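Some structures are shown below for you to check.
Each of the next two complexes has subunit A plus one more chain, namely subunit B in the first and subunit C in the second.
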Partner chain A sequence: MPYHTFKCSEMLPDREKHAVIKGPGEDITSALPLGNLNTVPGTITERGCAYCGAKHVIGTPMKDVIHMSHGPMGCTYDTWQTKRYISDNDNFQLKYTFATDMKEKHVVFGAEKMLKQNIHEAFDAFPEINRMTLYQTCASALIGDDMDAIAKQIMKERPGVDIFVCNAPGFGGTSQTGGHHKINIAWINNKVGTVEPEIKSKYTINYVGDYNIQGDCEIMTDYFNRMGIQVISMFTGNGSYDDLRAMHRADLNVLECARSAEYICNELRTRYGTPRLDIDGFGFDLLAESLMKVAMFFGDDCVEKAKAIIDEEVARWKPELDWYAKRLKGKKICLWPGGSKLWHWAHVIEEEMGVKVVSVYSKFGHQGDFEKGIARCSEGALAIDDPNELEALEAMEMLKPDCILTGMRPGEVAKKIRIPYLNIHAYHNGPYKGFEGWVRLARDLYNAIYSPVMNLAAIDISKDDFETGKGFMTRTMLSDPGVPREELHTENMYTGKMDIVTHLRGKEYDFPAPEPKADAAV
Partner chain B sequence: MSCEVKSKERAGIINPMVTCQPAGAQYASIGIEDCTAIVHGGQGCVMFVRLLFSQHLNENFDIASSSLHEDAAVLGAVHRVEGAVDVLLERYPHVKVVPIITTCSTEIIGDDVEGVVRKLKKGLLATKYADREVHLIPVHTPSFKGSQTSGYDAAVTAFVKHFATKTEECNGKLNLITGWVDPGDVKELKHLLKMMDVDATVLFEIENFDSPLMPDKSAVSHGNTTIEDMQGTANAIGTIALNKYEGGKAAEYLRDKFEIPTIIGPTPIGIRNTDTFLKNISKLTGKPIPEALVRERGKAVDALQDLAHMFFADKKVAIYGHPDLAIGLAEFCLDLSMKPVLLLIGDENPNYAKDPRLLAIKEHAEFDMEVITNADLWELEDRIKNRGLEVDLILGHSKGRFIPIDNNIPMVRVGFPVYDRAGYYRHPKVGYNGAVWLAEEMANVLFTDMEYKKDREWILAMW
Partner chain C sequence: MTSLRPNLKLMRLFEENDMEMKERIAILENYIMQRCLWQFHSRAWDRENQNNGILGITKTMLLGEEPDLSTPELKCYWVDAKCLVDGFKTKFPWVNEMNKEDIAVMMDGLKERIDYVTIHGSLNEELTVKLY
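After this line comes the complex of A and B, so read on.
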């Protein structure tokens, strides 16, 4: 059996089938960990709750909305300002968060009246915003407040206002994933189909499952727009509430993070017949393939434009990607994200950057994610579902990776055993999507692995016979020891700007004219 | 001139300035050696609080969850605590202290934590872990009451009540209950105690929250207050609790139960409060204040004198944060001839309006001042954006960072959490060195602001 038992978890029968090592010649039929099951309490899991999956991951990237949580202030406070999902609306969604401040008296006597007052106060404070998302928390779920009824009352009292209610309390599922599911379904049930979009192009899509981390979504929509495709809505990065109510009108759903957003695509297919196309915005080959897939769905003119974009971008950025790939070759990394990046990145990062993915893990992935991820992994990779602190440490000791791609706090754990980390959730210096973005990831990986500072950390000045008289080390002294300066070709190190997103805002695009609707005359 | 203490008028919160009780209990628990808490509730109550600690301290801290899922929320979840205790003890052989921290969900469903602790003591601890010292300590911190401040207070009290054990002899030590502070503060407090030649039990000994990156990979960030330290608190020569609202209750307990001479407050922010702190140490221990501290104080006063009437006088300041911190900072600002025109405290406590420090400010402030309790950050932003409040400086934590950014107001990050400035946890805010650090930070952000705005930036050309 390929199941891997961690020494630290030998005593936990419930953890037996949550880790596998992909053996020689094995495929996913012989190696698949369990996923999306209840957490073993006390393991020091890295999982979050369903509320954060709904409100923090999927809801809050919407940029023109008052995001209000009905409960004590902690849920709101703790999840606020812990992600880097930016928007072109002056980051309203990052700057403002709302909590109803449930106190003991509300728990005893009910909090609906107070909720109502809260909603009015929030709209009064921000008269320019007339959309709201309202999130249940553990406390409001357990006392049984009818948030839907209150939202309906307010919408009657304040015409022009629209409120979305999401009932995903923290305990509602194994992890964040419970909340992803609930908010997807609540949105399609209650909001999709309530707004008719302005159709500007012959080709329309929803871009789904991208949360605009450091501008990812804006990079991708720029490509689509340049291909003549109108992006009706973004679910939900840089997304607009009313655009997302018009999702039913798109010709195609282009899906990125299937873990968090496949539910809505599947529902759109069932209810409106909109096809779903899964793509990868990461990696040169996968991205090129993805843009071509989207283009081919629409037509030859679109394909030509996509080809032109790909040719131009690859020519511009490939030499720089290769410069880093040459130096990253053979370096071992652990790919430890929340969910979808384990399969988005598993093989493309190996193929295009030369690194070896020695482990993948997922905090809230399902078996399907491991199916995709492990299929894309190479032999020997260790896959872990719902990892905990000790297992992650044991894995790092066993695999001796050169860099961990994970979140901030686990990154601090790795630091102490002298392994640098890259933030795979919020990114270091992203965006990482797009051709240039992929080079930025290679650059950040290189900078992490060949950091002269981490190099210093290994020296024990009390014992080691270390070299003296050296005032500094450069990254290339570490990555290319002894190579003469003129042979380094440092002109191929990343040459892009620090901010590659802002300049895209307000850009004008030409769209092929939409075909007149068949029912236009009626 | 008036100083009004009033509660926020709105029902809800726009941009919260505090989090809930369990976070405070978690911050206290990581100060104890061989201690890993179990938070009884949803996983987010732990995951995000651990992230907050990481954001502030750039380190990892281990805290476990009972991982409440839907079935447990409906049918009761004490069995999740039983499971969590066993798994935690078995996999972490060094763990001796396990606070069980409740949350809103498990308080609402009414889980009997005391009951499950009794059951575990008779069962699991008496059998499987019979040879091991294990302390299970319920800490009740429903999120719909109080805030991180009262949660911290509740946890310190629960720990002291659990451990403090009277023995025959006085141990000659002073109990120092610090309240919610940074590693840099504890370092400074220990420095002052050393200068006073006083042996103290520090609750909590968190200097090692700032831990090194070692060649042998050995270091982890954790507090170092031991079980013996806490047991000994009942035999101390005295107790000083620096923060009335974060640890004050534990000090009162030790006073009432073991008749330990006790002084609560003041938060030693600024010169005067540090003077009082040292005098209080002297009172309780009989040790004199040494000449070396007179010199240290002199250097600090010298540094402040260079800045106060030139740069600080009449500058209007808005302050938000933990109650003791915010009040201490306001007192310090007054000493520097500044005008703390707005003070925001994030929770409600009937004692705030009666706090003698606020009453004194009320009596003597030469300007109009507002103190808002149960406040959110919108109380500050709304006044600045929509109601004409003009301030020259903001003192507060990082969650309010967009207020200075969007309104072009200089700000010194102080309090918890600070994640948009490097290394602030390392610096003291208390003691003479803390006074110097705070004053120079304030001066330097004001200077940077003058240069950025080209507002009499030439003044500094010859200063």
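After this line comes the complex of A and C, so read on.
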């Protein structure tokens, strides 16, 4: 097994099986790190807790909901607004976050009374919102407050109100992945099947495991709608609480992030017989195949529409992708996302942008996620499970990447050693899904790698040994010498608009008439 | 659907010295591992179902037979199988030149490899966990 030992972790023998280098001729039966294990004491993990996984990752993208944490203020504050999961209702779920603000006296004497009061106050303050998700935290779990009982009381006292209780305290798992699991199962156990949707099309899906970062989900649902497919629910980006209660009525579950949402797809398959289809929403080639797969499930009329979308989008955006690919060719990147981009991007970003993925990592991924990522990435790639800051620094020194694709916390560390980073958690200038979105990613990657500031920042202005009579190197001066002269002006760089999402809202679609179903009654 | 039971006679021939067949299987295995996600469900039993369903229908289609699409589950398998068949035929033109006997041997060998890589030879310690 080609395990890689970091020098900084030599004194931590428990870390020795958490990093591998995929050597020549090796596959996932010989190169696979451990995953989804408790963090080794002594390392500084970048992981979130299970509460964070339930609330911040999956629960909060739901748009028409008061998201309340039953615990200290810090729990909700620290999981607020760090991801740009926008929505088409003026971002209610991003603007507001709610907590019961538990104190020591509540831990001693109980906090149920205070919880009930907080719930009433929140509904009174926002009378247009009558749905709530209620998140347990470590504090409320340890004192054993019966949140379900309080929720039932409130629903009785306030007809029309519906509350979802999520019992995923921070300690409930190795990392945020424990919370993903708990909220998936709680939702299907308690809420799915309690609302009947309005069926508008012969073809219906749930779009699962997308959190609408800067509009990703809205780009994809636009494609599906143009194909004549009704998206009954989005789990959970731009998702509506009541739509998600109707997940049982979809013909197909289309799954993007298996790590955060495969559980509900698997349960929908077992309980309602709805098949699960895993797709890739990123990259021209894989996205085109994914749209075709969904279309083929429904039939020829859908396939024709999907083909038309793909032809139109590829013709419009491929030349602009190629402009960037010529300039990104051979650049080395570390693909260090939280979860699913580990496998969605590992191969296609090399194929279509010409960059080389020299490392993949995941903070909370399971071994199954690494199997997907390592199977797709090239020889020589370093795969790391639950890395800490020192290991990441050592990896960057060893691999000398041109850019790190990651989240804010490790990204800011990279900047300190003058390696640019691209935020692929909350995005820089997304959405990155869809054909145009993939070009926006290429554009942001190009801007990061060739930013003039990376050279300027290397100058030590405390010394007087730099040239003052010379201008700085612009992006073009840095990027274009590697492009053959005859190819310099054959395509354009990105010409799209800054906001490519808002115009999709309120768009009208033609759906094929639904067929009456024998079991449509509640 | 075509039987998934290995053709032992043909497999023995394959094991002896058919390097070309082995190389072809390796190419198709690599294609699946780089493009597809269906083989990576989270439990061994689930992977068995996926591999049987999708590779079974792929074999049926490559042999020119009609797959069974009578349930949503089978239709979902067929969707991935159809993409595989199209991909195999487009990217690897030699697939179109093969006779049915060789296709059957190749698909049995491919199924065996995918089962090995994703199930029997997998280092994934979660594959046998009973709950999701």
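Note that the second predicted complex is superposed on the first by the 498 of 522 C-alpha atoms of A that agree within 3 Å, B and C clash if a C-alpha of one lies under 4 Å from a C-alpha of the other, contacts with A are read in each partner's own complex, and residues count from 1 in each chain.
Just so it is clear, contacts are C-beta pairs under 8 Å (C-beta built on N, C-alpha and C of every residue); 3 or more make two chains touch, one makes a residue touch a chain.
Predicted model only: the values in this text are computed from it and were never measured.
In the superposition on chain A, A:Ile28 makes contact with subunit C only, not with subunit B.
Once the two complexes are overlaid on the shared chain, A:Gln117 sits against subunit B while remaining clear of subunit C. Once the two complexes are laid over each other on the shared chain, residue contacts for A:Leu390 go to subunit B alone; subunit C is not touched.
Within the superposed three-chain model, A:Ser451 lies out of touch with both subunit B and subunit C [touch as defined at top]. In the superposed model, more residues of subunit A are touched by B than by the other of subunit B and subunit C. Look at A:Phe297: by the touch rule set out above, it reaches subunit C but stays clear of subunit B.
Of the two partner chains placed by the overlay, only subunit B lies in contact with A:Leu142; subunit C stays clear of it. Taken together, the two structures place no residue of subunit A in contact with subunit B in one case and with subunit C in the other. Partner subunit A is touched in their complex by these residues of subunit B: 10-16, 18-23, 36, 38, 41-45, 47-52, 54-55, 58-60, 62-70, 72-73, 80-81, 83-88, 90-92, 103-105, 108-109, 142-145, 147, 211, 213-217, 219-220, 378, 382, 398-399, 401-402, 406, 419.
Taken together, the subunit A residues at the contact with subunit B in this complex read 8-9, 11-12, 38-52, 68, 71-82, 94-104, 106-107, 114, 117-118, 121-122, 125, 137-139, 141-143, 169-175, 389-390, 407-410, 412-413, 415-418, 457-460, 464. Only residues 33-35, 37-38, 40-42, 46, 72-73, 75-76, 78-80, 82-83, 116-118, 121-126, 132 of subunit C touch subunit A when the two sit together in their complex. Looking at the complex, you find that subunit A touches subunit C at residues 27-29, 32, 34, 36, 181, 251-252, 258, 262-263, 266-267, 273-280, 286, 289, 292-294, 296-297, 343, 347, 366-368, 371-372, 375-376.
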